[in-house]
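Both complexes shown next keep subunit A, but they swap its partner, so subunit B is in the first and subunit C is in the second.
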Partner chain A sequence: MAAGPLKETFHWKSDASLWLSEEFDDTFLVFFRPSGETHFLNFLSFGVLSKCSEQPHSKEKLASALRDLFDLSETELPESLIATVIEQLDETGLLTPVVQS
Partner chain B sequence: MTERPENSEDTPEHLKRLSDRRQLLKLGAGGLPMVLTLKASAQQVVISQLQCAFVLPSRVRILVDCDGRAWVGTRRVRYVNGKGWKVSDIVRFKDRANYVFPAGTVPNDFRPSACPEEICDPDDDDDDDNSYNSSNQISELDALLNAPMPSNAAEIASFAVNSSRSDDDDDDCDPDYQDNGYALYTVNKNTEITPADYLNGSNWDPSSDAKGLYIALSLTYANSYGNQGNWPGISCIVSILNYLG
Partner chain C sequence: MTVKLAQHNRRDIASALKKGMFTLTLGPFKHLVSGTSAPLLDYLYDTYRDYDVALKPTDVSEIILNLKAPNILRRFIRPQVSPDPGFEVPTIPLPLKMAPLAFEMGMNLSVALKCCRFVTVHAGVVANEQGAIIMSAASGSGKSTLSAALADQGYRLFSDEFALIDLEDAMLHPYPRPISLKQDSIAVVRDIVGADRISAPLSGTPKGDIAYCRVSEHDLLQAHKKAAAKLILFPRYEAGVSPMARKLNPAEAVMKLIPASTNYSLLGEPAFRAVLKLVRQAKAYELSYGTTEQSLQLIADIQASGAGR
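Showing the complex of A and B:
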């Protein structure tokens, strides 16, 4: 989990070797090996996780990529909601911040 | 993750999924957690509250007048093109309504678009001897809705039944049909209503359809009676209100 408040400059990554996932009708069960916990993710939070497992993404990049992926507008998928999802995934340990130099 | 398959953008399944996802995003903006952990937690109770749905056990008809009163019942009210509402049906519907809501309850969007300056109501009797006129009706209804919650919503229904006028006096105003002044909404039996569909963020946004009106009346009912009584779906509505604070 990120120490202190989330910074706008953070990029986020996920190590896909640390978790297993299974989809059930647009809901994803994700087992996170390090914590031994299973998490329910919806299409958006799993989208964030997947994108960040490909390569580190900033909040802005994630918002843009996921709007394209899911055919959503800026109003429907605001950056603030992406920030919320990042925060929640960060708390589980599924996402970790990468500080860009 | 399910992405868009090629050439599937117009399929009903894709449109339904897109609609569901947009609704989920609205709920997310309103505070719905986007990640849940599989363990007993208060958060999981919260999400079930917000995503509750209910099915109407029987058809519901809602008659609305120009002042925003609503009568909820099951009887038929006939409308004849070129003539209007059958007045006897309206009178009977009001008399036997299961629930009655006072003036001002129904949002403007649901009220009839055509409102006569003076409605010719055969129930209206100028005599003061035990007559049951509309002003008395409203004050009594206000009192009813402001009164402590009855043990059972049937009392509300019984109010509607008992309040019907007992005299059969005729007066000069007794048309068979009335062409405006009312709007009728019907929600069919077994209709599933998901109240969160009418949430925009943390604000209620009932669209102008029958289910939206049902939600609007449910909110009024919940404000007066909370989780008590037999209003179908009230526990679901109240759980969401509790969540929204």
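Showing the complex of A and C:
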């Protein structure tokens, strides 16, 4: 989890070796090994997690990549929604911030 | 050697209980029980009459339960009894006449907090040839009544308290202890199974009036046979409500089973994998109903629709 307020410059990553996932009808169960907690993710939040496990992404890059992935417009998937998902995944520890120099 | 409790001499049972040498074998557990109260002996002699017991300790016991007075004063003045499962746990001392409740509470605490070979979920479980039905609900939601009603329809009773889910293959293990009945459910289940299967009610307990329904001899003989889950139900009894069944996404079912488990967080990843296996092989539903007949009809309808076969 980020120490202090989230910054626009943060990139976000996820270590896929730390979690297990299972899909059920567009919903995902994710077991996070460090916390031992099981999380219920919708397709969007799992999309964020998956993208960040490939390489670190900024909020803008994530929004753009997910719009392409799910064929959504900027109105349908605004950056503010991605920011909310990032914050929630950061709370769980599934995402961690990387400060880009 | 284990023989049925009723075949032992009552004085020998009392002596074994006093010396801590009373061993009850049931399902996957051997329980070593000690206690000295007459109400405990009466209860075991009646409600546990068909269970296999030995009057000496076995080499391996999983559950060790001592029913004792909370302090020396309460052995003699207004005697009380508390379950001691061998680890620190907050319990309420009960009047001696409530020793059966202390015994059952102690057994539940032992399984809930000490058992790590299974994922334990607070649920009633019954099974037939097609598989098992898990009914996960909070106390007072009617799962014990429903378990008793289904057992009366020919299902084998696995437990009215715990689903024991195997960590390897997610099979359910029977653990058929007497069905715990509270308040109005005592009369309901008495009407279903007959008065001879119901213990003498205990009045004024912290849970209100309580009685226990004896497990059938047939179910005890089958207590070694595991079953795969075919239905996972989340029943909710509410007087006057219209009966309704809602199918759940398996992921929703997992998220409802986790808080009902007493050891999921402790077991971690193996529990996650076992619960996934469980929900892959079964259909899950939320049930709302106002009478036992309605709940039985909902389950029959679900089965008739092809789910849970």
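Quick note on the criterion: the second predicted complex is superposed on the first by the 101 of 101 C-alpha atoms of A that agree within 3 Å, B and C clash if a C-alpha of one lies under 4 Å from a C-alpha of the other, contacts with A are read in each partner's own complex, and residues count from 1 in each chain.
The rule is simple: contacts are C-beta pairs under 8 Å (C-beta built on N, C-alpha and C of every residue); 3 or more make two chains touch, one makes a residue touch a chain.
Please read all numbers here as calculations on a predicted model, not as lab measurements.
Under the clash rule set out above, the superposition-derived model of subunit A with subunit B and subunit C shows the two partners fitting side by side.
Legend: residue contacts after superposition of the two complexes on their common chain; A:Leu18 is shown touching neither subunit B nor subunit C.
Once the two complexes are laid over each other on the shared chain, residue contacts for A:Thr84 go to subunit B alone; subunit C is not touched.
In the overlay built on the shared chain, the residue A:Gly36 is in contact with subunit C alone; subunit B does not reach it.
In the superposition on chain A, A:Ala65 contacts neither subunit B nor subunit C. Of the two partners subunit B and subunit C, more subunit A residues are in touch with B. Subunit B and subunit C, viewed from the C-alpha centre of subunit A in the overlaid structures, lie at an angle of 70 degrees when rounded to the nearest 10.
In the superposition on chain A, A:Phe28 contacts both subunit B and subunit C. In the superposition on chain A, A:Gly47 makes contact with subunit B only, not with subunit C. Looking at the shared chain after the overlay, A:Val98 reaches neither subunit B nor subunit C. Fitting both structures onto chain A leaves subunit B and subunit C with a minimum C-alpha separation of 5 Å.
Put simply, subunit A uses residues 28-29, 37-38, 40 to touch subunit B in one complex and subunit C in the other. Remark: subunit A residues 20, 22, 24-25, 27-29, 31, 33, 36-38, 40 touch subunit C in the complex. The residues of subunit C lying in touch with subunit A in their complex are 249-252, 254-255, 258, 265, 268-269, 272-273, 276, 279. For subunit A in complex with subunit B, the residues that touch the partner chain are 23, 26, 28-29, 37-47, 50, 69-72, 76-78, 80-81, 84-85, 88-89, 91-92.
By the touch criterion stated above, subunit B contacts subunit A in their complex at residues 1-4, 9, 17-18, 20-22, 24-25, 28-29, 33-39.
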